[in-house]
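You will see chain A twice below: alongside chain B first, and alongside chain C after that.
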Partner chain A sequence: MIKYAKNQITFMQYIFLIHGVQVGVGLLTLPRELAEKAGTDGWIALILGWLFSTLGSLIIIQVMKKYPNGTIIDLLTHFFGKWVGKIAAFIFVLYFAFLGSIVFVREGLFIQFWVLPQTNLFILLLLLSIPSYLIVRNNITILGRYAELVFFMTTWVLFFYSTPLKEAHWLHLLPFIKGGWEPILAAAKTTTFSFLGFEIAFFLYPFLQKKQKASIGIVIANILTLAVFLIVTIVAFTFYSPDEITQYKEPTINLLKIVEFRFLERLEIVFLSLYIFVISTTVLPLFFSTVLSASQLFGKQDHSKYVVWLLLLNLVYVLLLPQSLGGNRQLQKEIESISLILVYVFPICLWVYLWLYTCLKRRVLK
Partner chain B sequence: MKRWFHVTLLIFFIVILSSCSGKAPLEDLTLAFIIGIDLDDENNLVFYELNPVFGEGTKVGIETYKVKAKTIRDSRRLFDALTTGEVTAGKIQVLLVGKRVLQHGDWFPILDTVYRNPTFSMSTRVVTVDGPVSEVISHHPTEKPQLSLHLKSLIDKNYDRTRAVKGTLQELHREIYEKGMTPFISEVKREKDLELSGISLLDNKGKYAQFLNVPEATLLLMLQNKKRREVTMTIPVLPNDGEKNIFHKNMISFAASKVKTKIKSGYKHNKFYFDIKVKMTINIVERLFPEERLNKEQLTKEVENELKDEINDLLKKIQKKKVDPIGLGLYARAYQYPHYKKVENNWGEAFAESDVNVSVKIDINSNGAVEQ
Partner chain C sequence: MLFFRKYHNKKKQQSSFHIQNNDLSEKLISSQLLENIAEIQNIFSETPDLVVKNIVIKQTKCPAALVYLSGLTDTKTINNHVLNPLLFEVEKEQKDFDAQVSLGDVKENNTWQKIESAILAGNSVLFIDKRNKAFIFNTQGWPQRGIEDTTIESSLRGEHLGFTETGSTNIALIRRHIQNRELKMKEITVGARGNLKLTIMYLADVAKPEVLKELVDRLNKIDVDSILNAASLAEYIEDNPYSPFPQLFITERPDFAAAEILQGRIVTVVDRSPNVLIGPATFEIFFKSMDDYGARWLVASFIRLMRYFGFFVAIFLPATYIAVIAFHFEIIPLKLLLSIGASRERVPFPPFIEAIVMEITLEMLREAGIRLPAKIGQTVGIVGGIVIGQAAVEAGIVSNIMVIVVALTAIASFIIPNYDMGAAIRMLRFPMMIVASFFGFVGLTVGLMTLIAHFISLQSLGTPYGSPIAPLRFPDWKDLFIRFPEWSILKRPESTRAIQTLKAKSNRSEGDEH
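The block that comes next holds the complex of A and B.
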């Protein structure tokens, strides 16, 4: 069990890793998706989604506390035996690989559409794969440092959103709860998916230096994510008319089109180029979890070899199958229901089971 | 072995780097600065384009083209056939739309490519031309800066003085889609010179509905709480009894340092009502009559009444045409949502029937540097 003690992550790195996985490509389309479902009440749904995700996060931490020195796969192996552990590892490899790959391809598609329309998607992803490989092949400490660096490097971009705020129409937000709670709950389903990513805690927990702070850390990460989502959503809702906002595919990018300086136009290109870093903090930890699960599946210590395979497979997939934003979104919809099981249902069941198990064990020992 | 592998990999990556091949020097580009859309006598769409010319051996720094095309994108093909460089749309400063185009209710979809194509700038000012667009676009007096610069600063300057709207593509898009208000853009015309004449009000589909002159435009912007750096007005406060009306000795001019408009909405007797309260702090900058004729209280009262009348006239004017450029529909939506929801798609009509109550409160802050 000493294997996780060697490279650890600090409390801050832990927060930014989780926050980084949560904030990714979803943010670009989030305001529109919320407006489609709940109009300008969509931001209430964000708070609901945040509540769910915080609860889910805390349950995951509770589960991980039962076996503090291993990942979820070690935990399952410990309590249920080797084969259950293997199956779980296999499922996690597939889940994280698919999720990571979907986000990775989407990242490429966005860059292609907005910044480099004449460049082949394959080449874009090939170029993105190289730094991805260089980071993911290392241990978690490097990844944690990367997440922390990117957070501080990119957060200031939010200040650009103060420009559209100058022309904000706060009346758009009134009246609150216009169509009753039903549309808000429908939108809350969307926001629950926006907050996905905290399941990475299954794999981060054993690396955390101070485990007693795991719960507070994951709550802080969720709050940070909520803050980013709320700022962008409210700016979009007040700037665009509620009847208009659904016209834009990626309102988060469109908002920046109106920011112009004397020396710089089309700020959204600069923004999107910076945003590659933000998306990478989603993709890289997902890839890392994939290869970590894979190395546990095959019982190897070194995971760097799997990174090459993962990235190559990904490129072959892009090369063979034509990619489109619509298809990509469809794939994501399909994986979302799996996410729901893996992130909410599975930890709750496991938690109840482990709780009963420890209770019974204690009674037997008595 | 490993080193060779790395070197080969590096060379491979350098070879496939693709971003350096498509460079575009400024001289080879044709940057469209102004695009004009108009109808010719047989109702065919005509597109105009104005671009600067860089490079040696050119005398006039500017050139204009006119083509007949079906759509904006289609016009690019024809412009490409005429110009030296590739026509690029990213730097369009002003989009001129002929009034005759606006008189057809379904013109807005022809701007589709502007919003669909991310290379278009969203801060392009959209301006109505009263009369043929060709007259404006071919207007190149030697004493003025280049037309695109001139037009843009003409609008921006008046925007800063609360007399015109910027009417960017972004704003127009919002106003067209927003059900609770109707769009408005600045209007220019060419008599002898190019002049900013006022604001064109469009109905909710974008069809030309009403013209507002510059003083009316100022009032409209005040009602929208869009006071910019300066608001100046010149209004009569006394009946004009001067000799032969040469010198208007009944006029007063003031600059408003603070304009605050509060709008309350309500619903009574099956129609909406709005309470508009305008509060202004003004500094008198010009007064052509002696102080004895009106003391401060009387003057305040007179200015209040005059402004109130003007605002009421403006409201009548827009209600008659069933347009709502003020955006009262936004207030109706925010505070009377169930009632608004029912008439949302016909807000113009509902607004035309609603009661609007205006009150103006003036606070005279200073009288200027002279006594009397």
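The block that comes next holds the complex of A and C.
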């Protein structure tokens, strides 16, 4: 298909897009959630989660290789016919729209909670919709540039996590595997969800310039994500005592409270404003996938119209239903089980099927 | 936007500004001299500066008439090289008079349309009895000023010749830098009444053909009465007319134009305008100045970094001040907070009002200074200095900190070498101040995000405007924030989409030969 050849993303943009989707709101609460489940062994669960996600990513790339010039929807249409493709497009629209909206609303809720407690959530989301619209209405190239730029703009914040390390107690991490493997495996379930987002590769693959590098790229993206998660988690575990950490809602932000300059205190407020960028790299690709699937569902080339509808729907949703952080979290828990199917079960089944299909076809041809 | 375009197109169809009193497009001249003179006087009615000189050519004894517009021609050339030989010289071997007219540029034509435009452009036209052809002599010579030092983009080490209002002089000024046969030119005339001559200059083996074609297509599409200067021409052809950023580089420096041609960009020389257009422009070339290449590279890099810093200061400093004072005063350490508080103690306004009053005062002072004669300009400076400075603080209208913020912003915006970019930046800080006054740091972040969203999707002649920052092109960073030594930059920037990338060989001997 020619329509994907025109707008391409480079290898770097591909990496940062996937990495950007993976690192989002989850990072703020991650250390606490891990500590609740597995104590200070939580970081082992992170590595387990990373292993799962890397495997899942590689399977997705293997599936996409069977039909390299189209998204997952084109692939399904190619192998199973038009209607399966339409249904798949519909499911993907719903999935990405829900996922994107949950994160989008959460973004607003976080801002409200930490920075602007008196501002209406609707107004905040309206404000956030402006740049979102400006970026998502464009093609994937622009989105790739955005992910790339934001990565380099925000990564330096990680250096501030070296300040709490001065007072770190490394003994908190010992002994390894103190409670057996069971809590770690329980925490691994959480971390698996933290790594979600690589399913965006279903839609990025056809745009990638050098497709032979797709597997390496997605592995690098996963490693980058693991690095970010590990740094934050280990700093949190060593700085706070194992009991204290569970008392903070978002230890990732609380850690920065101790950073002070002669001219600047309460760095976490500045950090949280910057964090809006990090969350936007999760939301915007999800929104983009939504409108891309929507345009494929309705058979239109231009997706920019759907962006307006998607954002309007979000705003109406926020206006009609009262939102809270807890409720939002609950919604995300519910969609996570669907994610598991869509990200792990579905590609594996598809992969096995396509593998058998190509084998049989080859035999028939012989 | 779409609606606007539709409306615009409709309007274009309705208007019919081309049609003039009599249509000359197909008319040919006659062989009768008197008829031709009558026609000329018909075309140029109520034109007192038209000169029709009846003569008898001595060589052929033919009656003839020389026609020209007196202000647009060079009288000396006409007298010495046209009239004098025609009236007095006879050469026996020559039957016709051609050889006598000692001019290089002589053309023949027989259509009234061409003749009319030739006269209007300052040529003189000779009609001869019994001939259905007229001779067009290039005797152009209109009032013009000499070449002077550049006024807006002054530099220390760069060339001290600025472009003038004559297109051919400007072309020569550029050509002096690039003496290469690959320097090609395309001429396009724009404007039904203005007949503005545009000359597109580019290196044929370096500039990308697609970009050139895009530019030529856009210029050909312009259909207006007249365009009076390069900046308004840029408005017709730029990619996003709603963007605050300039998308074509307008310069009055021949050396800068030549340098950009060598990089693979395309220069459009606009006749009658002392500026030329350079495209495709990227964001970073608005932060370059010729002096960067005249200073040592460490110094130049330092200045470059200051400019980019100035860019952020000019856009975000007043907004940050508002956000901090109105929303997040807890981020200021106690000691600093106390001194700010003491300075703001007597100020009755919220920080947004305080800031906007001062910023607008500053903008008015700046604008007043530009268009006033130099002597009064000084007075404005003194008055402004007192108003912005001590008096406003003492009256308790603004705080001392605000004065510092305004002053810093002003200096930071003046450090940008390009006037258009500086103006864009000064404008952009107002929306930032507004969002900051409503939403604090969140507003600032969203403002920055919107700016980035616009920045990464903007194009100039179909080339990404944000290159080499977004899309990220690390090889081009050699001449971005830090200017590497000249000998280390061997390639043309990818941002210009040049088809020939290598521009130099390694000029440094390796190892320790010396």
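Descriptive notes on the structure:
One rule holds in what follows: the second predicted complex is superposed on the first by the 366 of 366 C-alpha atoms of A that agree within 3 Å, B and C clash if a C-alpha of one lies under 4 Å from a C-alpha of the other, contacts with A are read in each partner's own complex, and residues count from 1 in each chain.
Assume a residue touches a chain if its C-beta (ideal position, glycine included) is under 8 Å from a C-beta of that chain, and two chains touch if they have at least 3 such contacts.
Everything numeric in this text was worked out from a predicted model, so none of it was measured.
If you count the residues of chain A touched by chain B and by chain C, you find the higher number for C. By the touch criterion defined above, A:Ile258 reaches chain B but does not reach chain C.
When the two structures are aligned on the shared chain, A:Glu182 is found in touch with neither chain B nor chain C. In the superposed pair of complexes, A:Thr10 makes contact with chain C only, with no contact to chain B. Once the two complexes are laid over each other on the shared chain, residue contacts for A:Glu334 go to neither chain B nor chain C. When the two structures are aligned on the shared chain, A:Leu149 is found in touch with chain C, with no touch to chain B.
Look at A:Thr119: by the touch rule set out above, it reaches both chain B and chain C. In the superposition on chain A, A:Arg266 makes contact with both chain B and chain C. After overlaying the two complexes on the shared chain, residue contacts for A:Ile130 are found with chain B and with chain C alike.
In the superposition on chain A, the residues of chain A touched by chain B in one structure and by chain C in the other are 116, 119, 127, 130, 260, 265-266.
Contacts from chain A toward chain B in the complex involve residues 113-114, 116, 118-120, 123, 126-127, 130, 169, 171-172, 174-175, 178, 240-244, 247, 254, 257-258, 260, 265-266, 268. By the touch rule above, chain A contacts chain C in their complex via residues 10, 12-13, 111, 115-116, 119, 124, 127-128, 130-131, 134-135, 138, 141-142, 144-146, 148-150, 152, 260-267, 269-270, 272-274, 276-277, 280. For chain C in complex with chain A, the residues that touch the partner chain are 327-328, 330-333, 336, 435, 439-446, 449-450, 452-454, 456-457, 464, 466, 469-472.
On chain B, the positions that touch chain A within their shared complex are 13, 16, 18-19, 22, 90-91, 115, 118-119, 121-123, 168, 170, 173-175, 177-180, 330-331, 333-335, 337.
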